[in-house]
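Input: a single structure, listed below in structure tokens.
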């Protein structure tokens, strides 16, 4: 099994190397990537938005939606971590504590259910 | 000249990567991984991508390392393989 | 009007962010915000579908930030993406209506963070369908995936283990896709789909493009759970909460399949996936193997959700077969199966959740007597099963029918036989459950000592979504030609040339 | 509860470092137009400063930066970014079309400020979200 | 009004579907109301079907096109002689079966009667749908509905054995259905059309291999339902269902749907000429002939009355298949007419078996000594049915067998003439002893005169009368014979000189 | 030929090696932390592929130098850098979620061995 996986990975790596055969030479200024849309970014970033740092201009303006999606990814990761790791405690009066109430309660004592104040911060 | 620099950097990166995976102590592995990320940031900077280098140093080396260390507080440090 | 392509994902994204913030204060507020966002997105999707029908399939192109592609990112609403977004948002609305009661039972104390996650999953999937940029697709893929990991991980005891495996394989899939994008970018100098499709015909022989295509398809194949990359899937669905399965099983894997179809039809030049590089055929063969494999393993399962998961492995194969056939009618079958399977799987997982809520059972042998206790829910269940097996006039029959026509046309007799055999296999494992459901609890030795199940349907917030899904299955089956002629024929037309 | 990584040295250094890091982080965020850096990098630094605070101060840090604050800042940052995108839609432009966000100003200037605000919002949301992840991990999970 | 008249075929299908819903909604609360829904629907359905007979005989076709269910293929209904012949016999016998079923179910105090009557009505809808389908896709749609709707009736007893048999039934039925769908896909691929055309629409140019593949798919698809050996074994097992189900479904509706499928296959899809050229007809005839003989022998060995009748059904269904497969006009006429006469006679026999079981609890042939004295009417009807199946003149079975035999001679297939004669003797050997045993042996149990309830006896008497009338005046009852002739005329182009 | 190819393409070869090492860590290693370390290496190799492909002979970093002016051949292509920036953030987000999952499952099962975890999960199901 282990051997099989390693052989498979080896084949894949060779395949990936094989594919670079038709890629342009390293650093070639005439490569498609360097002639394509990138020239527009380089030549117009300052004209369009008065921003010398082209990476910032592309990041936040030309491809702003990518960045917005990326921002959402970060929030999604935070949300996912909270969702996976935390649970809200229900207090005995039926109301709910804060996000970390259960954590606080666990740290407060070994058996939080006996303490009447529950997970109050 | 520059080409030689990135050749050696990449070779070291490969060694770091192998080391990070083969060390049995996870704390050491995380340390090696952080080193790997810093070298990678260096390589990015050398290849003309300062923005990416900064990000890789801050996120890849810094925060990922912190998160991994934090996780190691809770889980077993030893690895079987 | 022309804002529709952007409004569908952004309304969902906005709703999820609002729902997240409101959810810190009010659980109900989080639910309503998410639901309203989904309803808005569904309404926009319907407007998109209508625009496609009125405009005779003319794609609506939308440049984010008004940067003309390939400078900026482009959204493309065409027949295929309108179709997909309508399905995704419909399932989203239904599951969001269904969710609260089931979540309160299965994930207590976490509900308010579930709603924004559910909306994020929808937003990511919708974004994947609408975007006209291969890298933007990756970003949306990961949005959907990250939110989905959390939703799946909060289930039963084993859920985190299963989800972590899913995450790792998802990361491999995503990484492959990203590497494919890199090859494509360096071979062509662009990441815009329309631009790529103009530049790629000159590069049909390029090794870099071949590697790019293989990497992207394999990456998406892992995400799609295409056989033999399906191994993460059964454990995930077995342990996940019903709501998560009901949301994710119907749409998530299909959208990856959609992405493959999009690459196949619109990005790579015609014939690239079939003549130059037999990728489509390979997908077809793996799908055929997956259909048999999934169906056979589903027979052996005792857990309802696990059985559905293996059935998903098999059913996804139909979509793969549609790709593999690479002729219009077969592709129509595959595409039609996306909506069919979304409805059927959503329905069956929702019913599983309703039964679990009422009686706490998930094992098939414990289902004895449920038919008497929840008669109408079980009618819906029977409809779902009939659709799964492919009994007319339910939706499931017609996708199989088109696939059969397609494989007859292509002369793919092995696949023809596989489709026929799989219907029989799915009949075996699904009717087993139907039989259990309708058995008399008194005369059954296995559950004699159990208390009789109390009579009564699931709460209205769960019952009506289930009913709507069951009715939709029938409606899609009977009126499938409307969908086919209005949207799908246009999508598959390029294959006819 | 005291910090898991308690030590006097860390305590002193951290207290001195945190404001410096934060100032530098704001510089990185706002100066993204002219030099490498921007919202992501600056946001990470801000998050790092808070994490340093957490490590050095332990329990006390929760008074200065409550645990719920992470996700709130992150959520509002992302929301503000989304609203920035919608702002131009309100004036008939496309999503994230900064040039139309405020009528009556030059397109280049508007794009400049659009990028600026986008970077700031990104900085805030990365800050908040990463702190939230840290706090979630630090709690070790509940059962 | 015009709308109602032109869409009669559709209403004939829908009326019992509505009845099923009404029955389900009424439930156990009001049994008489529930039963009256069934009766009303049965009468209405029969009325609607019968009202179309004159038109059909005059050459009119009632077309209903509902909506497209696949590009270029409509959910279309068309009333033609073959369809209406089958629809007439099914809907007429449903009326009688309904009454009989009330008596049977109440007499036997069966459980889940609502479910039973509702699914029975659904089955009838599907059967009529099969009759009136204008193309293969519509046909298969109703065919599958029929398969599924029969399942709850098969497992009605709720015992472990019933579930096992139900599973077997489903496997057979689903296999048949999906094979059929596969065959239809092949047809669509070859011909581009699925509409039934009298005389067939497939061409020999489409390739022998493909045509044989299509034939194989259809053979499995229809053969399962029609009980052609070796894929018949679900049928005798399915007799575990309540007797009205066995009677109506396993003598009239379900199995005849399979046979009817063969009629559509030979007459309206392949066409007799192509069947002959291809050689498929010979294969079909061989299977049918073998089934006739084997089923008769097996029937001889069965002591259980319903099992014996079931094997008799297997044999007699193959008479029809054989008649169709011989391709001779006379044989086809006999086959078509045998669909009606066999239905009438076999339903009589099943009714009698059910009446005996409900009334005395006896299921086995060996227990029936002297029962003719206790239930003379029932056993007299049984006798009529039995000798009818053997082929004694004055009873319907004679006429159909006569034409079948004439057809074998026309076709020059003398071996099948032999088969028919041998099986006639075997029929006598396994059916007549039951009658003689009932009347001429004595048993201490059966001395009193004590018939089953009128709800059961009256239908028995009516079906018996029908069997006899079909023999005496083949065309007097609803023009069955003319319809059969019309089928043969449209399919083969042969004309008969008026009714016999 | 092959030697020339390797010499001129050595960065690709080394990236492919990194890629393979990462994949090896993710699939063959049994410890889940090791898998995550492998995932980081795997993702980083892809970033490196992007960045090193973007190099341009005689060009400088993509920040406009007012003295040079916006001439396309003078600056490195900014697009791959933007893509990698986005991808790095996505990668860290995935790592964070993965670590959350590890904490939860370690609490429940007390081990990080994948085979053992799968066995126990399927037993309890």
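Going by the order they are written in, the chains are A, B, C, D, E and F; count residues from 1 in each one.
Methods note: contacts are C-beta pairs under 8 Å (C-beta built on N, C-alpha and C of every residue); 3 or more make two chains touch, one makes a residue touch a chain.
Note that this is a predicted model, so its numbers are computed, not measured.
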{"item": "Central subunit by CA centre of mass proxy", "value": "C"}
{"item": "Per Cα centroids, the chain farthest from subunit D", "value": "E"}
{"item": "Chain centre separation (subunit D, subunit E; CA means) in Å", "value": "78"}
{"item": "Mean-CA-position distance for subunit E and subunit C (Å)", "value": "43"}
{"item": "Centroid distance [mean C-alpha coordinates] between subunit C and subunit A, Å", "value": "23"}
{"item": "For subunit B paired with subunit C, centre-to-centre distance based on mean C-alpha positions, whole Å", "value": "37"}
{"item": "Two or more partner chains touched - positions in subunit F", "value": "11, 17, 19, 23-24, 27, 52-56, 59, 61-63, 79-81, 83, 85-86, 89-90, 92-94, 96-97, 99-104, 107-108"}
{"item": "Set of subunit C residues in contact with two or more other chains", "value": "13, 17, 20, 24, 64-65, 135, 139, 142, 146, 149-150, 153, 160, 179, 185-186"}
{"item": "Interface hub residues of subunit D, defined as touching at least two other chains", "value": "34-36, 38, 40, 68, 71, 75, 78, 82, 85, 95-96, 98, 126, 130, 133, 136-137, 140-141"}
{"item": "Residue ranges of subunit A touching subunit F (in the complex, touch as defined)", "value": "2, 5-6, 9-10, 12-14, 16-17, 20-21, 23, 25-29, 33-34, 37-39, 41-47, 52-55, 57-59, 63, 66-67, 69-70, 73-74, 76-78, 80-81, 84-85"}
{"item": "List of subunit C residues in touch with subunit F within their complex", "value": "135, 138-139, 142, 146, 149-150, 153, 156-158, 160-165, 167-168, 171-172, 174-175, 178-179, 181-182, 185-186, 191, 235, 238-239, 303, 306"}
{"item": "Interfacial residue positions of subunit B with respect to subunit F in the complex", "value": "6-7, 10-11, 13-14, 17-18, 20-21, 26, 29-30, 33, 36-37, 40, 43-44, 47-52, 55-56, 59-60, 63-64, 67-68, 70-72, 74-76, 79-81"}
{"item": "Touch list for subunit C against partner subunit E, complex", "value": "386, 389-393, 397-398, 400-402, 404-405, 407-409, 416, 419-420, 423-424, 427-428, 431-432, 435, 438-440, 443, 478-481, 484-485, 489"}
{"item": "Touching residues (chain side subunit A, partner subunit D) in the complex", "value": "47-53, 55-57, 59-61, 64-65, 67-68, 71-72, 74-75, 77-79, 81-82, 84-87, 98-100, 102-103, 106-107"}
